[in-house]
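Two complexes, one shared chain (subunit A), two partners (subunit B, subunit C).
Up next is the complex of A and B:
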């Protein structure tokens, strides 16, 4: 791979930054259309109840109300990512299954009228016994939440590689521990909002989403409209973190209301509704059994993980699998068994999360350190010994291509003087290390690939068309930067038209870490296609060889004799004369084993490539209060080549907050089916003053298939930062955590437990 | 969440405010900084017919020394007070509690009077109307029993002012004016001990001034919280040392701050005793984000810490 790049790899200001910092960028709630109505949703006050009847007639009589709907106005088509998980109609007519579930809705001229109308909707419920704890829910005789899932087990993922039991028996050291973690709130800065406009049989929708094409498909199924009549439009998004990958109940609500009223409809959820009634993160209980050789080699792992799945399937099989995979993509497990159960409870709908799996991952890593300590080994050595290397296969047969795991471990430990500090921690101070690997994309059938169309306009400026979506992480700027590099046109001269389902083609979306590896690759291929056409004409006109043409700053020039040059716009005009305008198309489809299935065939190539990362947390614990202070946090991330190092570092810093510091502050609190902290006061997102000094280190590994060698940029930190914190607390206290977040009361218990032992 | 409809009235003087209150037949609420009131109204925990804005009353903004006291108008903002040189020179416990309140942007908006008169808080109470309707109204909302402690006919909501404990530790008084005239009472006697209606105030009474004896004190405020900013105290402990006497006040647990007075600061055993007694007196329940047993324990720990800092050489 040549290194003389002009734009890629440079610390450029993101193309979206100016509009966002000046407030010019528009989000869904900012949109207005002539005659637009305000929607409000009536929600279930019961965790579990039979719906006897819904009467919206009185709501319709309130002056100013233009439409009122319930599930009886829909086709009742049930959504599910897979055929076997289709159980969520979004507006149900038979039962409600959680407090806050959408039951009916109105559209009115203003919010007050809508609220008054909601109060007039009459719903007759017959309350049913409910269950909130997945362990209770799995028992015989527990209230059945869906008829088709016995013992409320939504998904069981069973993976068994090698001979776990036999090898475990022979291992030098075996340890089994159970770890719990409260589910988190996505707490996106922008609460969910949707604007829907139905006109002449065509439905236009705007909402923050992490995959417009998959969203359009779900809605086209639910509304029984052809795909080209459901158009998801481009709009800025105030965060997703995995919570906006699937169709949302509000999408259906707003669609039905605009179709009924014939007017544009806007629905904006309150902060509370965003917490109770959009997606949440799974609570989790992970039991981890590990067998180790005397030298620290992991011989066998046996996992049993219970996921509190809430009321519906959501991304069920994926959510039940991902924590395991990001771990087996990092370490060598010759014998491994995983039993993951996703269990229904009468709690809100749950989805994938960028930091998904903290009980499992932090538990594994902290346990590994305790075992290392018992064996007199250094945890850095144990990680290096068990870490996968380039060319190796994972336990479930994914081949690892580029792999900078070792470099991230070595760099992070050297930067923090880890070995020395870990071996001799001073009183109540500790360091901890977490490692993980991330698949860049995962199997999504024919939606796993991306494609791009590029045209060069007669002024030499560029229009780029792609299905790629940006939820704030910088994907848009990233592909503009890639196009700029290939075409030799400055970033400011490239206009991006993206994430608009009637204009753009399929793309995997921004929730499987595929945007850089897949989406940007498609853009690169399309731009190379166009570049070939530009170069051919320029070579002819400049009378030099094709190989001698370079493109830079909007001009084509001779590499040997740079004075020989011409603007790209001249080339474009010449191409128009020839009746062959300069356009390019390109696509990228990752090398994935499509026979792979999450439940029935959990093996084969998972993704085109994997990123790797290591985080090191440093903690000081207040022995009297149990409060954790985090003076410093170091993360090293192998993202292949960083397309924009500044953007990658930003993602890493955000991840340190959302996974690392959150490991001591964030967790949903429940009183049965009532979410006690559906707000940003009692749900403790870390603030600027809570942040440690951060050291973000990019380890470049040049992936052979990634665009300019790039892989995903930052997610490893989201999935290893809590591990680093849990390990640091173990190092400081000599105790293993039992539950996350590590709030001061829980840390105090660990300290007391330790004292009791002494 | 949008605000419900209410009438907005602006008072030019305290007498004017009281007159407006009478005119609204008691269905009005006083507004100062609004940082406590507006969220309560949005959640429909308070549904006033009218809101009487006190912000324009100049006399309520003063910070002045009068007859051996520092007289603080109830509308002085927490931020201005934090930066006040007289307060900085005399009342370290108050400086620390002001600094520990919410965040600086809210300190610039929130007033001392409003901070004292904030409502008692509970995870099951400070929720939207829809949330509370689904849950069933608790004792504080007029329901039959507490939603946190099953069967209890008591409200366990926590009074979460950071500054009331430090003011009580400093021996502060408050001046009130209402339909019945003017009165001045010790701050600690402003509390009923019932978290459903925490303040012993007549309808229409306005808290006008806070009077703090102007003496050099030593002191400290310790606050238990999860985040370093934007968190109400899960326990708060203020300590002031005035003329060799130690006044300790605990907040954040239960309906009212609790005051403990120590005669002799050199007696280590009495320090331990008061910490233990305060911890035993505190009856936290599972209505805040940390466990009740832990919060109970922290009452003693925070008192000891605050005392240690307050008595440290060179302080105050």
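Up next is the complex of A and C:
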């Protein structure tokens, strides 16, 4: 691979940032269309109730109301990522299953009118017994939330490799612990919003989303419209973090309202509705049993993990599996058993989260440190010993290609003087380390790949067309940068048309860490296709061999004699004369085993490649109050090649906030089916003053298949930062945590437990 | 519906509007004047995404009723450019990578501008304390702090 890159690898200003600093960037709630109506949703006050009847007729009589709908106006088609998880009609006619569930909706000329109309909708409910705790929910006799799932078990993932029981018996040291964690709020700054316009049989939709193509497909099913009549258009997204991967109830509501009224409809959720009625994060309980050799080698792992799945399936089997996979992609487990249960409760709908699985991951890592301590070993050595190496297979048979795990462990520990400090922690101060690996993409059938189309315009400027979507992480700028590198055209001369199902091609979306490895790869291939055509004409005109042509700053030049050159615009014009305008197409399809199925066949190649990372947290605990201070946080991430190091650092820093600091502060609080902290006053998103000093280290491993060697830009930190914090607290207190977040009261309990032992 | 007449100056332009008595400044700016740079992320004063500068003071426009700003001078993110040139904060937010999803950005920049207007050389700690009035879910704030520090240097 050539290393003399012009722009890839540079700290460039993101192409989308000008519009964002001037306030010109448009988000869904900023849109207005002539005649646009305001929509409001009536929500269930019950956690579980039979719907006896819904009467919207009085709402329709309010002057200014143009449409009112309920589940009876829908087709009742149920959404689910898989055929076997289709259970979510989004507007139901049989029963409601959580507080805040969408029941009916109106569209009116203004908000006041809509609110008034909402108050006139009459819904007859017959309350049913409800269940809120997954352990209770699994018991015989618990209220059944869906008829088709016995004991409310939505998904059971069972993985069994090797001989766990036999080996566990022989292990020198065995330990079993149970860890709990509250689900976090996505708290993306933009509350969910949607604008829907139905015209001449075509439905145009704008909403923050992490995959326009999958969403269009879901809506075409639910609305019984041909796919080409449902068009998800491009719009900026104010954050997603996994919470915008799936079709949302509001998408259906706004679509039905615009189809009924014939007018554009805007629905904007309040912050509270965003928390109760868009997606939430799974609470979980993880039991981790580990058998180790005397030298720290992990012999066997036995996991039982319960996910509180809320009322519907959502990404069911994926959410039930991912925490396990990101761990088995990191360490060697010769014998491993995983029993993951996703269980229904009468709580809001749950989806994947960038930081998904903290009880499991932090639990494993903190337990590993306790075992290391008991064996007189250093946790760095234990991680190095068990960490996967390039060329190895994971327990479920994914091959690891490029792998900088070792480098991330070594760099992070050296930078923090980890070994010494861990071995001799001063009073109530601790350091902790967390490691993880991340799959760059996962199997999504024919949607696992991405395609791109590029055209070079008559002035030498470029238009890129790709289904890739940006939720704020910088995907758009990333592909512009990749195209700039391949085509030798400055970023400012490249226009991007993306995430618009009418014009763009399939792309896996921005929720499986596939944007760089898959999406940007397709852009690279398409641009190389166009580049070949440019170079051919330039070689002919400059009388230079094809292989001796370079492209830079909008010109083609001779590598041997750089004075010999011509602008790309001349090449393009020549191509027009020849009747062969310069365009390129390209796609990238990762090397994945498509026989793999989350439940029935959980083995085979999971993704085209994996990223690796190690975080180190440093904590000081106040012995009087149990409050944790975090002065420093260090993360090393193997992202392959960083396309824009500044953007990768930004992802890592955001992850330290959202997973690391969150391990101390964040968690949804429930009283039965009521979410107690749905707004930003009660739910504390870390502020600038809560942040540690951050040191982000990019470890480059040059993936052989990634675009210019890239993999993904920072997610490992999102899934190892809480582990580092939990381990640091264990180091400081000598105690394992039992529940996240590590609020002062929980820390005090740990300190008391410790005293009790003495 | 009963409305009230309110006059104020926004981004150097005088406006007179008929507004509902309970209308928030954020609603007026966004829905009547199409100044959508200020965002609503919480609607109850917790996040600062709606921050605009009113008579030199950064205010959460979701908490201000429009009739209260009679006669005021208001600046929103749209009014930051001078003669077509970006404000130093706009430049440094771009250059330092302080913008990700961008939803908090207008509010952050307006909060930072009000700080730099009253304190030419803020310490890092002062910057951190000041922007702790605003929530950003994406960045971890490090690059935002760097951007404000750099802008202060440029403006000195």
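One rule holds in what follows: the second predicted complex is superposed on the first by the 758 of 758 C-alpha atoms of A that agree within 3 Å, B and C clash if a C-alpha of one lies under 4 Å from a C-alpha of the other, contacts with A are read in each partner's own complex, and residues count from 1 in each chain.
Rule of thumb we're sticking to: a residue touches a chain if its C-beta (ideal position, glycine included) is under 8 Å from a C-beta of that chain, and two chains touch if they have at least 3 such contacts.
The shown structure was predicted, so the numbers you read here are calculated from the model rather than taken from an experiment.
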Simultaneous placement of subunit C and subunit B on subunit A, clash or fit: fit
Subunit B versus subunit C as contact partner of A:172, first or second or both or neither: neither
First, second, both or neither for A:237, with subunit B first and subunit C second: second
Touching partner for A:187 - first (subunit B), second (subunit C), both, neither: second
Contacts of A:25 with subunit B and subunit C, given as first, second, both or neither: second
Touched partner set for A:687, first subunit B, second subunit C, both or neither: both
Subunit C versus subunit B, contacts on subunit A by residue: C
Partner chain(s) touched by A:270 [first = subunit B, second = subunit C, both, neither]: both
Spatial angle subunit C-subunit A-subunit B, Cα centroids [nearest 10 degrees]: 40
Partner chain in contact with A:82 - subunit B first, subunit C second, else both or neither: neither
Subunit B versus subunit C as contact partner of A:43, first or second or both or neither: first
Shortest span in Å between Cα atoms of subunit B and of subunit C, once chain A is used as the common reference: 5
Shared subunit A surface residues [contacts with subunit B and with subunit C]: 112, 270-271, 681, 687, 689-690
Complex contacts: residues of subunit A adjacent to subunit B: 43-46, 99-100, 111-112, 270-272, 276, 624-626, 665, 669, 671, 674, 676-678, 681-682, 684, 686-687, 689-690, 743-745, 748
Sites on subunit C touched by subunit A in the complex: 1, 30, 34-47, 49, 76-78, 80-81, 86, 89-90, 93-97, 99-106, 109, 128-129, 131-132, 134-145
Residues of subunit B that touch subunit A when the two form their complex: 1-2, 5, 103, 123-124, 127-128, 130-131, 133-135, 147, 224, 226-232, 289-291, 293-295, 297-298, 301, 305
Residue ranges of subunit A in contact with subunit C within the complex: 11, 13-14, 16-27, 29-30, 32, 112, 187-191, 236-239, 241, 268, 270-271, 471-474, 646-647, 649-650, 652-658, 679-681, 685, 687-691, 694
